[in-house]
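Next come two complexes built around subunit A: one with subunit B, the other with subunit C.
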Partner chain A sequence: MFRIRFHGRGGQGMKTASRILGSAFFLAGYEVQDAPRYGAERRGAPIFAYVRADHCAINERGIIRHPDLVVVADDTLVGMPAAGVTEGVNENTLLLINSHESARTWARRLNTRARILILTAMDEVEDRAELPYIGSRCAAAAAVLCGVISRDLLLAALNEELAHLPDEVVKKNRDTAVDVFENMAGEVGLVSQGGQQTANDYVRPAWITLPFESAEISNLAVHAGATSVLVRTGLWRTMRPVIDYDKCNGCWWICSTYCPDGTIDVGADGFPQIDYQHCKGCLVCVAQCPPHAIASISEQLAREQENEVAS
Partner chain B sequence: MTRKLVTGNSAAAWGARLAGVDYIPAFPITPQTEIIEDLAAWIDRGEMDARLVTLESEHSMITAAGSAASSGVRAFTATSSQGLLYGMEMIYTVAGWRTPFVLVNVSRGLASPITLESDHNDIMAARDSGFVQIHCATCQEIADGVLLAYRLAEHPQVRVPAIVNLDGFYLSFTREPVDLADASKARAFVGEYDPENLQFRGNSPLSQAMAVLGGGPYSYFRYQAHLALQQALAVYDEIADEFAEIFGRRYQMIDCYRMEDAEYVFVMLGSFSTKARDAVDSLRAAGWKTGLLRPRLFRPFPQAQIRQLLQGRRAVAVIDQNISMGMGGVLHSEFTSALYGTGDAPLVASYIGGLGGRNISQQEFFAIANELEQAYEEGAAPPPRLLYTEEELTEMRKLQAIAQAEHAQIHHN
Partner chain C sequence: MTRQSTLHFHRMKDMPSSHLLGTGTPMCAGCGGLETLHTLYDILGDKTVFVNAAGCMTLLSVYPFTPFRGGWLYTAMASAPAGAQGVRDAVDILLQKHKLQADEDVEVVVITGDGAAYGMGLSATSAAMDRKLDFIYLCYDNEGYGNTGQQYSAATPHAAITSTSKGSRGYPGYKKDLFSIWAAHNPAYVATVIAAEPLDLAKKIEKLQSLSGPRMLISLAPCPTGWDYDPQLSVEIGRLAVQTGVWPLKEFIDGELRHTRVPKQRKPVDEYLKLQGRFRHLFEPRYDSGAIAEIQARIDEYWARVVS
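For the complex of A and B:
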């Protein structure tokens, strides 16, 4: 069975990628299961989707725990534990990362025995949630790496899944997929299919008997205040609001009041401060500020600039 | 027939479309909403001739579905979890009206704590309502199950509403290949809805579901509903046979997998059972005679068939994806009750697993088979077990440490 997981950010089209690949496998005569994983998903938040394909009916269900192929549309997710990119990855896994950096760099960074390939990143875009055609690129790359889907079948699947989009958009997606098939011609069929767990040789689950605990411990109350502060929703941000204090007129209330996440505080001096650990980058503040003192910049570029300054 | 990739939710919508439903009262809830979105889109595009109305709650939605069925139109609706509970007063009420319609429930665990992921406590809460319950394990079964459910619900010997149940996430958002029945064949199979004496008309007022006091009339009506569900057992086979003849897919009321010579049997409901199929294959390859028994029809409960199928087996593991607080797994209780007092009954072990969408791994099925063999050798069933690992408790402890940090500090001071 082929087991493939796509990782990206909400908006990058990972569900669509899984559907294009799923449909292509189906057209190639495979039994297929594809699904996105929903949770607190939204634009910019880490999401994943997966595809199983086999020649017989698929009984396995739910999240793929040991993928044969992991496709990462956005390399900023790799080091993010919440994104779970490297979950269940082992020496039999192929990791395809859309990145400007080399496979060697990633192998060293991740300290993994998984094989790593780079899907050469296109030019950096301002808003990563809008990486153009990345869904189709990832689906096409996965198809090449699995080695059992022809270019024409992939294109047929792409047409089917993108039928609701304007013709010119579909055409650009098709061109992207064709490029991938040409550029990756030397990498056909690198994915090896994982097998089935056998009952002869397995690790017994470390079951425990859940002990009774008094309601003081086992009720649902959260005693420690502001525990949600520990969830760094700032990781979802693809665009960053930046305050220009020369333009800010110190109205003291508009941006901080409109911020739906309460991430803008006004200091004693009457000027606002953005908590980037938790700002999700919705840019409501940018739209609301009367003197237009808040601009939005690419999160990716902002981070790169910060790194340069730091080094 | 067209075989295509559709999600469980879409398969449910296709079932309603192919059954030619007239009226769809709707209210959104995760993970069900795609069903009504699909239906709304088809109606908008003129591909489906039906009326969809969004109501202000599930309580009204279920009332509307029951009322519409009383007036002679074929009604369809869908909900999940908290929504099913919010409409629960009317679930019991409309079942008493004996009006046939189909409700799809997309199973999701109940609050508190709140979750989006699947287990069966929502559907178990409707167990005693008087609805027929059909439980699905694949997307194919969902599309077909809706057609079967209309036939069963509208059958003159039965005439009660029916729930078709599917698991959230594991089926609702998962695409699988589904053979969509030919539209005209599906319509011919389901037939026209003949509401008989349920013809509520503005010009001929009727009243139903009046108050009865004294217990005698009440007992009569309640027991009649019970008898109607028992009738559904016999009627189900007829309908399933007819379905198999037309569409080539046979849906026994109990799905048996490699049961022929099985000594150890897994019992499960819903989509997690396909995981057990893989486990059965692996265990058999390793020399264990295992099998899987999955009730498709949960209400009415096919007691006699279960007795017959399990007699002479060594041991059975009932894996419940639900929990009745203070008692344990609901399915386990029902199976032990069905088997009690029959000669040659197997040992019955209880496992609770898959709560809130928690995975059940292949290793866990293997270990369960192992425990069954041990139980058989010792002649006694093991105590009930929650499928829960040391690692899960460690993760839980971390969360508790965060949640209680301040509390500890206050107590310390």
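For the complex of A and C:
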């Protein structure tokens, strides 16, 4: 059985990728399951979708614990516990990461024996939530790596799943997929299928694994108020609002009132401060600031600059 | 501590500058409903119990995390007002038995989406108003079943594309006039609000605090995910909803209807529609003058009645 997990951010089209791949498997004569993980499909938030495909009936249900192939659309997710990218990854797993860094760097960083491939790097975009055609790229790459789906079947599935989009958008997605098939010709069929698992083989886990978080989060006081502040929704952000205090006129805190998440408080000095641990990067403050004192910059870039300053 | 007696909202500077609702909720970036809720919570204070019907905002309190500082109760989609009755009764009994002191009294607040308010929860709401239940009801109206992928609801406006009205003309029905249906019950207070007009919102919340009985709010909640627009436009779109007359700001109190904001020069509805992906088919591949004229005519007809 092929077990494939797609990781991305809401808006990058991983649900669509899973559907395209699932339909392609189906057209190739497979029994298929494809589904996004439901619950937090928020723009910028980590999401995943999965596909199972086999020549016989699939009795497995739910989230894929031990994937044969993990496709990561956005490499900033890899280090994020909540995204669960490396969950269940072992030496039989193939990890495909969209990244500007090399496979070797990632192997060392993750300290893993899983095979790692880099999805031919794309041009950097300012807003990571809008990587162009990344869904189709990931679906096509997964199809190549599984090795049992022809280019034409993938394109047929793509047409079916994107039928509601304008023709020129579908065409660009098709071109992207064709491009992937050409560029990855040397990597056909690298995924090894995992064996069938039945309910009889199920071993009850000795404990429940939770993503590793600090004690403060894993062990919080459940009766306390406003515990949601422990959830770092700042990780969703792909664009960062930055206040230029030379331009900020300490108005009647419009940004603080309009921020849907209440992440902007006004200090004793009368000037607003953004809580980057929780700001989701909606940029309503940027759009509403009367003296245009708030600008947005790429989160990716901002983090790289911070790292440079730190080192 | 409730701050109800000290706040008076005359100008934007009176708006709260720090916020009671915890950050880190799973609501989408740019959520127009959350914007209304955090203002409501700032003004009502922490002596509140929220009763939440199934919908987007059910995800606010996912164990073990909650953004609230007090109680929160989750009910099935149709029964939030019944849940509120239970909480109200329990608190009243505890007060009567002096197990709670008068200063420990709480305000019971129902929050539901439009799916529950306009549709399956309407009968429970009607019954709660009949019983003159002392509660506040906030409907965050994003004009569809947003939490499950924006299927159309009874609040969906004409011609909007939803995941269950994908045809070239969008949703064939018309948005239900819930305000009038609620007002027909003659509750203590009914108002429409929007977070993009924070002062109007704050004044209405302040007003309903001084009343008892059923106090009903419908907040249009611009929804980047369901309406398909860039999240940073949430406030802009909300403001346009008011300026084009799509979303009249009004209140109903003591049997009288009053518009709290009458746009002097209404902007053409195009300006509101064209920013949203759910109406893109009215502008591309060509301008659908017939459909847009019909939407405009309905708005004009509404305001002609108001002004006369």
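The definition used in the following text is that the second predicted complex is superposed on the first by the 281 of 311 C-alpha atoms of A that agree within 3 Å, B and C clash if a C-alpha of one lies under 4 Å from a C-alpha of the other, contacts with A are read in each partner's own complex, and residues count from 1 in each chain.
To be clear about the criterion, contacts are C-beta pairs under 8 Å (C-beta built on N, C-alpha and C of every residue); 3 or more make two chains touch, one makes a residue touch a chain.
The model shown is predicted, which means the values in this text are computed figures rather than measured ones.
*Asks:* Is A:Thr233 in contact with subunit B, with subunit C, with both, or with neither (first, second, both, neither)?
*Replies:* In the superposition, A:Thr233 touches subunit C alone.
*Asks:* Would you check which partner chain A:Gly225 touches, where first means subunit B only, second means subunit C only, and both and neither mean what they say?
*Replies:* Touch partners of A:Gly225: subunit B and subunit C.
*Asks:* For A:Asn200, using the defined touch cut-off, is the partner it touches subunit B, subunit C, both, or neither? Pick first, second, both or neither.
*Replies:* first
*Asks:* With both complexes superposed on chain A, which partner does A:Ser23 reach: first (subunit B), second (subunit C), both or neither?
*Replies:* In the superposition, A:Ser23 contacts subunit B only.
*Asks:* Name the contact category of A:Cys282: first (subunit B only), second (subunit C only), both, or neither.
*Replies:* Touch partner of A:Cys282: subunit C, not subunit B.
*Asks:* Using the superposition on chain A described above, determine whether A:Ala163 touches subunit B (first), subunit C (second), both, or neither.
*Replies:* neither
*Asks:* In the overlay, answer first, second, both or neither for which of subunit B and subunit C A:Arg43 touches.
*Replies:* second
*Asks:* Go through subunit A and flag every residue that touches subunit B in one model and subunit C in the other.
*Replies:* 39, 220, 222, 225, 227, 230
*Asks:* Enumerate the contact residues on subunit C facing subunit A in the complex.
*Replies:* Counting only subunit C, the residues touching subunit A are 11-13, 15-32, 34-35, 38-39, 46, 59-60, 63-70, 166, 195-196, 198, 224-225, 230-236, 284.
*Asks:* Across the complex, what residues on subunit B touch subunit A?
*Replies:* Listed in rising order, the residues of subunit B that touch subunit A are 5, 7, 30-31, 112-113, 116, 169-170, 173-177, 271-272, 274-275, 277-279, 281-283, 285-286, 288, 357, 359, 361-364, 366-367, 369-370, 385-391, 393, 400, 402-408, 410.
*Asks:* Along subunit A, where are the residues that touch subunit B in the complex?
*Replies:* It comes out as residues 19, 22-23, 26, 31-39, 58-63, 65, 196-200, 202-210, 217, 220-225, 227, 230.
*Asks:* Using the touch definition from the top, list the residues of subunit A that touch subunit C in their complex.
*Replies:* Checking each residue of subunit A against subunit C gives 39-40, 42-45, 164, 166, 220, 222, 225-233, 236-237, 252-254, 256-263, 265-266, 275, 277-278, 280-284, 286-288.
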